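The next part holds the structures, each set out as structure tokens.
Same chain, two partners: subunit A is paired with subunit B first, then with subunit C.
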Partner chain A sequence: MSLSIARPLVSVYSEKSEVVAGSSIALPFVFKAPIRPDLVNDVHVSMSKNSRQPYCVSKEAGHQTSAESWGTGRAVARIPRVRGGGTHRSGQGAFGNMCRGGRMFAPTKPWRRWHRRVNLRQRRAAAAAAVAAAGVPALVQARGHIIEKIPELPLVVSDKVQEITKTKQAVIFLRRIKAWSDVLKVYKSQRLRAGKGKMRNRRRVQRKGPLIIYYKDQGLTRAFRNIPGVDLLKVDKLNLLKLAPGGHVGRFIIWTQSAFERLDALFGSWKTPSKEKKNFNLPQPKMANTDLTRLLKSEEIRKVLRAPNKRVIRSTRKLNPLTNSKAMLRLNPFSAVLRRKAVLDQQRKNNQRALALAEKRGIKLSPKDPAVRAEKIRERRQKLLKLAAAKKTKKPAAKKTAPPPPKKKAAKEAKAKTPAPKK
Partner chain B sequence: MPSTEVYVPCRSFDNLSHVPRGVLPRSTMVAVTEKKAEKKPVKGKEDSKKLPAVPESVLKHRKRRDALRTRRIQVTLKRRSAAIKKKQQIFKRAEQYVKEYRIRERDEIRLARQARNRGNYYVPGEAKLAFVIRIRGINQVSPKVRKVLQLFRLRQINNGVFVRLNKATINMLRIAEPYITWGYPNLKSVRELIYKRGFAKVKGQRLPITSNKTIEEKLGKSNIICIEDLIHEIFTVGENFKYASNFLWPFKLNNPTGGWRKKTIHYVDGGDFGNREDKINELLRRMV
Partner chain C sequence: MSSHLNWMIIRNNSAFIVKKRNIKKPFSKEPNNVTNLNSYRYNGLIHKKAVSVVENPDRKGFTVVYKKAKATNKPSKNIVRRPFKAGARRSLFKVKRLLKANNYRTDLTTATLRRASAILRSQRPIKAKKAKAAAAKSE
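Moving on to the complex of A and B:
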């Protein structure tokens, strides 16, 4: 995307917030720089440390005694105690951080490293990111500015604004441009700080309003500086602490026309390095196309992916095939045949036994008795099979190989058929 | 500027591709109204001629879905027919094995009877298959025995494995004798073990053998596609006995109902350890 960017035209507004016809500026390339909130935050954290004033406790604090430990044998703790007598202080513990009036643990020193240096590259990239973020209405709103009614974002105003001298006019301008609601929000947010800052000259707190970036100050600063929340910044000296207050990108920025036009020279485009900043070119984005949804659903990626595996495989319970017939069938389908054969064999045996017993005991069984019936069916079947076998052997008498198979088949059929019809 | 008064013209909305996704809040300003207004007159001409157009992405999605569906149906049909064929194959094999076992058994009996008839002696072949059970626990095991038991995969008490008998393995069994009991399992023992206590080693996991698929996937190369094949391979110590028995996780058996005789002495002396030849079957009935 950094190579082929559509640069929309940004129209310039007069100080009466009417579009100045014929003057529209192409969006500077900075506004397409990658927005890196993480980078901005890091740089902001480091930069904001640079205006700190050192603090520390006094060097001698807690040591302005000549206390010495009493040693053992006196039924008191071995902490150094204040010498002498005649006052409350005598015999009291001294020097330790646990002692009242003693020195603190690790007394704070003025040579603590208060300031941080940030790499120039990072500073510039952060500034570019902050400026780019200020061109995205969603981000500016997310940061909390009221920009519902402003005519356009980035908001560029004619250079006449730089000549405003009276605060009254400044207010009128802000109202016309519809930036006043942001300032109103600042008013509403004015409150006392919570905490000890109150008594440390940081009594009042308020939120940030619009930031006005200008090229030449012809009275602008003095007109706007008394309006709460409004900050002024020169284009040549962009300050990340003002562009992204709190480390959060997306401040509401009002640009003057000349300031806006300077941006291209300051930051350059990817093709041309910056003119003002030595050795600087806008940072390359990590991803050219950040539309992740589109990417993931694109054909190129879809083709390479395997099919989604939506089947949830859960562990199956093991059923004992020796007792569970379904499990057995699943593993060995022939078991059905064996079982059936066992059942039928048992039946046949029972019938034969019944018949034999009846004969032995001389009891005559009724013809409806199942054993008798089964026997009759069997005999009938055997007769039919013999006839069929005889017919078959007569026909292919010429062929030698023909007779044996029908006999075997007949024998098998007899075996299979006699058990079958019993049930 | 007709409709573009209130919420609109934040034009730099269009090309947001450089904005990282996490940065944009969910509710963004409505700049689209202006765009829509612009688009309407353009499309209006086309609209009057055709039906309302379906977005291309929806069409693509439909096409993709239909293609997938037809493929899936084809695949399931193929799979089903393959499964049916396989089932028939398994059926035939199982049938063949039943016959084979019967023949084998009757053969032994027949040969013995034949020999007796002629006043001769029939010496049956030495056993090729043994089932080895570890009798003793983990503690205070001498290193040689420990190693042998490890090699046999008998790492736990009452673990059992099938072992092919040859000079090498018989000597190994001799080394570990006081810790194991072993013998020659019959068909019923083999079947019971594999059906009831058979677990497969799949990808280092101990999975129950619930379907022939697990067996086929692992042992298809050795022409073992169902559980009956596996039993046959083990019982008749075929060429692929090694793969078949290694496929089986070592059997975890119960303590025998009715108890041991005396684990600390040899079976021959009234105890339990060592070779008990075919009395292993009686033990296995009580342990499986």
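Moving on to the complex of A and C:
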């Protein structure tokens, strides 16, 4: 896995932020260590407990009385009460957490477990992760640092920076390297703390600025320490609380050249263990290749997948054929015929009834009346049918294939005629 | 590291996330986000290529800001700005061409065009007030 990691060259910048030609260092392997924000957070939480000072209430608090309960029968609650007389305090409740002047519930003790020990491996892995995250511009920006104008990330500066002695020069350096906007943000964020911390010597708050990691202090610390937000750190003593303040990875780090070169010896690579840390090798990542899009499009995965099913099946609403005529038609086209027949039959019945009624009552219907017209049409049609049938029955003497049709027509005629006289 | 890894780290934990009450999907304030939504696709930090549209300081036209894929770890050289000063239709066409011809994040084209049109629309002279004033006068 270590073979496939590309180690880009990181160029070194002079203290005037010009690229120092010819000196570029291969990215140390730490920067490819797995970034584990969960691990860093856990370790950070435990580590930050280690600088706590114990607090507790006085152990005699609430017990410096010789109170005793009055017992029952005195029309008062059975809480122990202060003995004696001649003062307000006499007869008041004592000892309980509910009493005024009593001791609290579960008085805080100094032997609470204030500090936490963290496994060495975890500490080292967290440090590696924090350093790795500081090399990713996305994470550094997401943590809130202003790095839009810096020349490169990770930012490596020549060792001359370690010799800066005056804060003025330090400011000029930060300006030149475009890290000053991060410091400006610190200035803007200076405010009073919310809460009681104000009166407990924690009055002011501000955010974190750039972190400068050096190898040898030749005046660097004293030059930079008065600039708000800037932290200094020695490579050999990397502090997770400074690398990932608040438990969040991705601090903006400025490395000096010698510090940067030292990282490989400190953390080693996956092939070679670390020289400085006994028994330490960079942690193995869970995924060697985290680029999901490339993985999903790779041949190995594509080969095993079935072809994509791109047919879009949309569910249609089921229509009830008994109520929806079109649905009925789809299922049974003959239903149209049946329905039409039903309609026509109904019409015929109505007409016949109208005629019969008219006859019965002796009303003469106008010739334009629909029933009369329908009747006339019917009579005409029957005459025509008769003629056609008659013609066809004469012909069979010459042709023998004719017979079947006239029989049918005769049958139809008979059917047609019979309902009429009946009604 | 890969954009997916970075997204998993950043998705709930970033200086740019803006969460407001009653709004399920948070917004994101980072500079290279076309829709200002906090989502994998639109995030401007984690991808090698990202687009965004910004108004020009003189209120005429807009500037398309995009990332150079080759300079991801050099923040000062990462960003390219292309101002568009032509009229609305021409500018939008050019923007579309810019993205499509270079096959640059074509999944962001509609969002970019929308943002550009929104900016252009805001730059149009405000007519409503004039109409109202005229109506008031006539009455």
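We take it that the second predicted complex is superposed on the first by the 290 of 423 C-alpha atoms of A that agree within 3 Å, B and C clash if a C-alpha of one lies under 4 Å from a C-alpha of the other, contacts with A are read in each partner's own complex, and residues count from 1 in each chain.
Here is the rule we use: a contact is a pair of C-beta atoms (placed from the backbone, for glycine too) under 8 Å apart; a residue touches a chain by one contact, two chains touch by 3 or more.
Please read these numbers as outputs of a predicted model, since none were measured by experiment.
Q: Between subunit B (first) and subunit C (second), which does A:Leu338 come into contact with in this model arrangement: first, second, both, or neither?
A: The answer is first: A:Leu338 touches subunit B but not subunit C.
Q: Thinking of the overlay built on chain A, is A:Ala77 touched by subunit B (first), by subunit C (second), by both, or by neither?
A: neither
Q: Just to be sure I read the superposition right, which of the two partners does A:Val45 touch: subunit B = first, subunit C = second, or both, or neither?
A: Once the two structures are laid over each other on A, A:Val45 reaches no partner at all.
Q: Tell me the contact category for A:Leu192 with respect to subunit B and subunit C: first, second, both or neither.
A: A:Leu192 contacts neither subunit B nor subunit C.
Q: Compare subunit B and subunit C by how many residues of subunit A each one touches, and report the one with more.
A: Comparing subunit B with subunit C, the partner touching more subunit A residues is B.
Q: May I ask you to decide whether A:Ala6 touches subunit B, subunit C, both, or neither, giving the answer as first, second, both or neither?
A: It touches subunit B, and subunit C stays clear.
Q: Mind working out whether A:Val136 is in touch with subunit B, subunit C, both or neither, as first, second, both or neither?
A: In the superposition, A:Val136 touches subunit B and subunit C alike.
Q: With the two structures laid over each other on chain A, which partner does A:Leu292 touch: subunit B (first), subunit C (second), both, or neither?
A: Both partners, subunit B and subunit C.
Q: A:Ala26 contacts which: subunit B (first), subunit C (second), both, neither?
A: neither
Q: With both complexes superposed on chain A, which partner does A:Val249 reach: first (subunit B), second (subunit C), both or neither?
A: both
Q: Using the superposition described at the top, list the residues of subunit A that contact subunit B and also contact subunit C.
A: 8, 35, 37, 133, 135-139, 141-142, 148-149, 151-154, 249, 289-292.
Q: Quick one: which bits of subunit A touch subunit B in the complex? Just the residue numbers, please.
A: 1-2, 5-6, 8, 10, 27, 31-37, 132-133, 135-139, 141-142, 148-149, 151-154, 249, 285, 288-292, 297, 316, 318-322, 327-328, 330-335, 337-338
Q: In their complex, what parts of subunit B are in touch with subunit A?
A: 6-7, 9-21, 23-25, 28-29, 31, 57, 87, 90-91, 94-95, 98, 192, 195-196, 208-212, 226-228
Q: Considering the complex alone, what residue numbers of subunit C touch subunit A?
A: 1-6, 9-10, 13-16, 30-31, 45-46, 72-79
Q: For the complex, which residues does subunit A have touching subunit C?
A: Those in contact with subunit C are residues 8, 35, 37, 133, 135-139, 141-144, 147-154, 178, 248-249, 289-293.
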